[in-house]
Amino acid sequence: MATARVKEILSWYAGENPGVLANLARLMNSGKLAGTGRFVILPVDQGFEHGPARSFAPNPPGYDPRYHFHLAIDAGCNAYAAPLGFIEGGAAEFAGDIPLILKLNNHDSLAPDGSDPTPSVTGSVQDALRLGCAAIGYTIYPGSAQFQGMYEVLAELSREAKACGLAVVVWSYPRGSGLSKEGETAIDVTAYAAQIAAQLGANVIKVKPPTGHIEQAEAKKVYEKEKIPVGTLAERVKHVVDSAFGGRRIVIFSGGAKGSDEKVFEECRGIREGGGFGSIIGRNSFQRPKPEALKFLAECMKIYA
Amino acid sequence: MATARVKEILSWYAGENPGVLANLARLMNSGKLAGTGRFVILPVDQGFEHGPARSFAPNPPGYDPRYHFHLAIDAGCNAYAAPLGFIEGGAAEFAGDIPLILKLNNHDSLAPDGSDPTPSVTGSVQDALRLGCAAIGYTIYPGSAQFQGMYEVLAELSREAKACGLAVVVWSYPRGSGLSKEGETAIDVTAYAAQIAAQLGANVIKVKPPTGHIEQAEAKKVYEKEKIPVGTLAERVKHVVDSAFGGRRIVIFSGGAKGSDEKVFEECRGIREGGGFGSIIGRNSFQRPKPEALKFLAECMKIYA
Amino acid sequence: MATARVKEILSWYAGENPGVLANLARLMNSGKLAGTGRFVILPVDQGFEHGPARSFAPNPPGYDPRYHFHLAIDAGCNAYAAPLGFIEGGAAEFAGDIPLILKLNNHDSLAPDGSDPTPSVTGSVQDALRLGCAAIGYTIYPGSAQFQGMYEVLAELSREAKACGLAVVVWSYPRGSGLSKEGETAIDVTAYAAQIAAQLGANVIKVKPPTGHIEQAEAKKVYEKEKIPVGTLAERVKHVVDSAFGGRRIVIFSGGAKGSDEKVFEECRGIREGGGFGSIIGRNSFQRPKPEALKFLAECMKIYA
Amino acid sequence: MATARVKEILSWYAGENPGVLANLARLMNSGKLAGTGRFVILPVDQGFEHGPARSFAPNPPGYDPRYHFHLAIDAGCNAYAAPLGFIEGGAAEFAGDIPLILKLNNHDSLAPDGSDPTPSVTGSVQDALRLGCAAIGYTIYPGSAQFQGMYEVLAELSREAKACGLAVVVWSYPRGSGLSKEGETAIDVTAYAAQIAAQLGANVIKVKPPTGHIEQAEAKKVYEKEKIPVGTLAERVKHVVDSAFGGRRIVIFSGGAKGSDEKVFEECRGIREGGGFGSIIGRNSFQRPKPEALKFLAECMKIYA
Amino acid sequence: MATARVKEILSWYAGENPGVLANLARLMNSGKLAGTGRFVILPVDQGFEHGPARSFAPNPPGYDPRYHFHLAIDAGCNAYAAPLGFIEGGAAEFAGDIPLILKLNNHDSLAPDGSDPTPSVTGSVQDALRLGCAAIGYTIYPGSAQFQGMYEVLAELSREAKACGLAVVVWSYPRGSGLSKEGETAIDVTAYAAQIAAQLGANVIKVKPPTGHIEQAEAKKVYEKEKIPVGTLAERVKHVVDSAFGGRRIVIFSGGAKGSDEKVFEECRGIREGGGFGSIIGRNSFQRPKPEALKFLAECMKIYA
């Protein structure tokens, strides 16, 4: 039976059909954080995004797609997210063991594309269904010159996914010629990215932990006039969560580049304190030996429990 | 039973099927202005268009999508219009309480697009149907280099919507490299924008209150030769309403940027006097505390009643 | 019963299905010229193409879409042609009173498009069917850099229309960066434009009255060598009609910009003398008071009768 | 009953369904060359490609689409090929009298397109079926910057046509910014063009008679090393026929620009001697009085008989 | 009955439906290497890619599509891969004699495309089915500016093929403006290319034998830090095979340009030693007399047996 907290969260999605609600419930009722409404998700798309050696050489068992299923299951993650090939590589063997999120678009770093990323659609709702997934994943890059295509494809895939009862998880990563480098993680931009994802119908929104920088002049005036507190990570997380429909959408935060564990834990505490719903942690999880990874993830989950 | 005025207005749309007529009637038979053929509509797409802080920080309850449903219902608006996420955020809870207009395209201000806006299609007729909406909304930017795509997508969505019995509301906002800044609200351009929307099959047309400026040289000759009066707002509104099929299309006017209440009321009086059908007022409504907003909207409605 | 002349003309279209033949017959059996195989058609797309004030301020009743239905019916035109909105504005009220041609693409003059026009597809075959039309209308601009899209969309719409029993009327207006200004109405270019429309499957072809100018060097050699007579309008009309399958396609001529009535009548006489099938006269008809317009159109019809 | 030669040729197409085989047989069992496996085809697309005066003024009866049906039938051609309008102009009247090839793409010379031709798709497989055609025709321009679109559309149309039992005739005319003017008819380029058409699934391939010029440096090395004989037209034709699957595809040659009859006959002899399957002769046929044309075509056929 | 090795390999593809598994089994149970899990495949797409003379003049029987069926069957290859025309040229005659791979995209060298290849889609899944193929083949060029279109079309074709029970073979050839010439075969780039193909859902991956060069600065750091051995071909092959899901995807290597036989055999030994699954050898096979080719291929197979 769903806990009161899970039921409360589901109530925010009353506009969705029972299939989507059931899959959102599956995400919230799996793993060590089951029933808490908190999330720690394992995403492994770096093989596609950065190449295999950069991704898996630090911990070679990770070349094998089954490794990540084992890791996510043994760690008690809420879900495992990956591109088509990696999901195909274990979906049958681990059928029913953990909710899966099929990432439907991806980008590689061999491409000569300059500053505006143009991810390719590499999977479909039909793939997600045949592989037994609970949700689709999709990345948008607000601020990119290619935004229109990304938003429109997301709108279509999202519609198709929801009609099939799948939940929709959106990675909203501002990047592109509309933004400065610093602006990609600015608080105003991150909050805006969460809002865009929510307006596009995302059920779960993933953003990067924001900095205190404010990118847009028009926004800066408002932050100052309205005295929106953005000094601490917790304050910034709260503002981002507010920006996703007043806290009525699940917003989780990426674990970022590989760093010291304590830095990650500190970040998790800030996210929890600000009302964030959890973390999605890739490189910090799978680029170390499995026992260490399990210990590390257990610590993260303890913070959110 | 529909009033004589509502029946008269419906008679202008004899080309539409009964489903569309019924939804037009729903828009006219809801709220405080029911039966008058006048409109005050609450639109909330600023979260997508300008970002969450700029939109909702001045009145933080507005971060929550339910707030705007409550506001529109309590104020007695004819309808509430918003993008997909905001409609999904309350459509179930407030099912049947107020006619909804799903805005099918939107634009954000993180994009690096320069002077020619390229809104993304972020929702569908199917979304409007599953969410119980009475109409779809769509924005065109006449004068933009991207006009062709916008007009053609509107033509398709409009056809699909009408076939499903949904009404079609078009925001016609001239903007882009074909126009000067001043020209965006010029009287000739605004009248032309209303004509284009009407020719594209719009049932309800939303334009900005026009200024007395005349943008196009060829048009200027005609305005002068034919002595078309455009000195007062009422005269200009009358000319715009005439330009939308001799007054046989519902034309409403945007409430504009946040200004003094008296200025807005003055504008409403001009619109009413010129034969306009009402106002669609966003920021002036939801960016203030709810009691003040209700008072403000009541005053607007009193003018139109 | 169809006259011998109507039957003869229909025999040229033996490749079409009975539905198309019936609609061609409707066009030829309506109005004052019924049975003669001649045409005077009222087209009103200027509201979209030039804006409402430039189109309707000279005769303000024309803002109302019903005005043009009345005008075409009272004058005894063969058909009335207009964009979606204008047809929707009267199709129910005047159902069955006059054959309608739904213009499926249109262009506005707010757009910043330079020399190569890119009309938008603003209606569909389905619209033409639901509105009870006899034919679709479509404009191509041979010589435009955008020709490929226009031809291919026409090919598709034409196929769809004919399969539904609708006739296809093509406005073939050379214009764009492939041509000089003078070349747009050159005799070789106009004849070529008629040929292209015919090869694309047009049932009725509308071109502009050609001048004696010859645009293309390769063509000039042939005109001189073969001594093709193009000195008078009648000779040029004959050559254009020949160029449309040896006279076996209905070719009509636009009434051009507003001019003196006598000039228009002179042109009609030239068209008739050269074997042209009639005129399609917009601005010269609807931009004057209705009594004058009826008198003017009656005179044109008398020439063709 | 099919002759042994026809049966042999059909055996090369064992991969096709019986519908396609039957239509290939129709092409080979029609006209004076019936049963020989040789072809003389009448193509008339010059009206679209060069304009009506340049095409038909030298022999004015050719303005009428019926003229070309009569000419092809009376001359005993294997087939008649033309764009949509010209086929529509006689398909009913001459139903069953001669196999028809509907040319599905065409290009006009009013377009401002420079060196890379971009033909428009102006007909469909559905058109070919409703008009009772035996085959579709399609032109590709290897060497054009637009090659990708042309090849992909051909692949789709070809698939659709074959599924409906229609044969596929491909005009493979190298042209565009990838080639020098001389290279357009170079022997290596022509042979390559035949190979591309064959690989794309063409049943009948039409190329221009090649010159002895070799365009590509990499190819030149091979021609010299392998001592491929390309000195005479017969040798070049043999090499082109070899290049189309070792002689197991029907390859025919265009009759070229208007020239002296003896030059054409000489070319036909070279084609026959080299193992070519025949000629497709447009301007040299229809741009002279019909009696002369019949005599001329009879002479061509005598060479191939 | 499948051997233990074949069963083991099939177990890696547990995510696929039985149709795909059966076709993968067909590939592994055919020819001299049946049951070993090793592959020698004959590909013949050079006619399309390089032109007929450069491809077939060195051994003229190869102009005939049947030659390559005979060669592949007589040599005991696992499969024969070619574009549409070449497969159509023998699919009926050799039905059931050898598994076929229909290459769905191809590129020719007449095109003026510069450094970023843009292959055309020249066949379909439907073609593969009607021709009795076991798999589709598709080439991607990571590093090309056109990557997005290629990946997305592969994703769609792959989905369609698998749904129909066809296996998917991907040629992953880095090339384009994102890479230096040397980088096209760099070890990091080749490993990345194998990873991308695997993530896109390829069942069989074909790459070029990698050199020891490392192209990307970010990757170089990792190769050095993690001391990934890339000194010998066997080490590099092992790294590439690891990079394709830890050895759980079939990775085969191209036979490269024509070279001395001993060099090819040496390469085969390196591939075998590194755990590669075999070779796909075109020009070195079909550009010599058949008896020599059979001897050459027998030697290659002996190495892998």
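Per-chain residue numbering starts at 1, and chain names A, B, C, D and E are given in the order in which the chains are listed.
One rule holds in what follows: a residue touches a chain if its C-beta (ideal position, glycine included) is under 8 Å from a C-beta of that chain, and two chains touch if they have at least 3 such contacts.
Bear in mind the structure is a predicted one, so any value in this text is a computation, not a measurement.
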Exercise. How many steps does it take, at the fewest, to get from chain B to chain E if each step moves to a chain that touches the one before?
Worked result: 2
Exercise. Both chain A and chain C are touched by which chains?
Worked result: B
Problem set entry | Topological distance between chain A and chain D, in contact steps | 2
Problem set entry | When chain A is superposed on chain E by its C-alpha atoms, the rotation angle in degrees, nearest 5 | 70
Seminar exercise, completed: Whole-Å distance, C-alpha centre of chain C to that of chain D, is 35
Exercise. Which chain E residues sit where two or more other chains touch them?
Worked result: none
For this session: Record each chain of the ring in the order reached, setting off from chain D and passing chain E first.
Result: D, E, A, B, C
Exercise. How about chain D: which of its residues touch chain C in the complex?
Worked result: 47-48, 50-54, 56-58, 60-61, 63-65, 67, 83-93, 106, 108-113, 118-124, 126-127, 131
Seminar exercise, completed: Given the complex, residues on chain C that touch chain D span 12, 14-16, 142-145, 147-148, 151-152, 155-156, 159, 163, 174, 176-179, 188-189, 191-196, 198-202, 216, 218-219, 222-223, 226, 228, 239, 242-243, 245-248
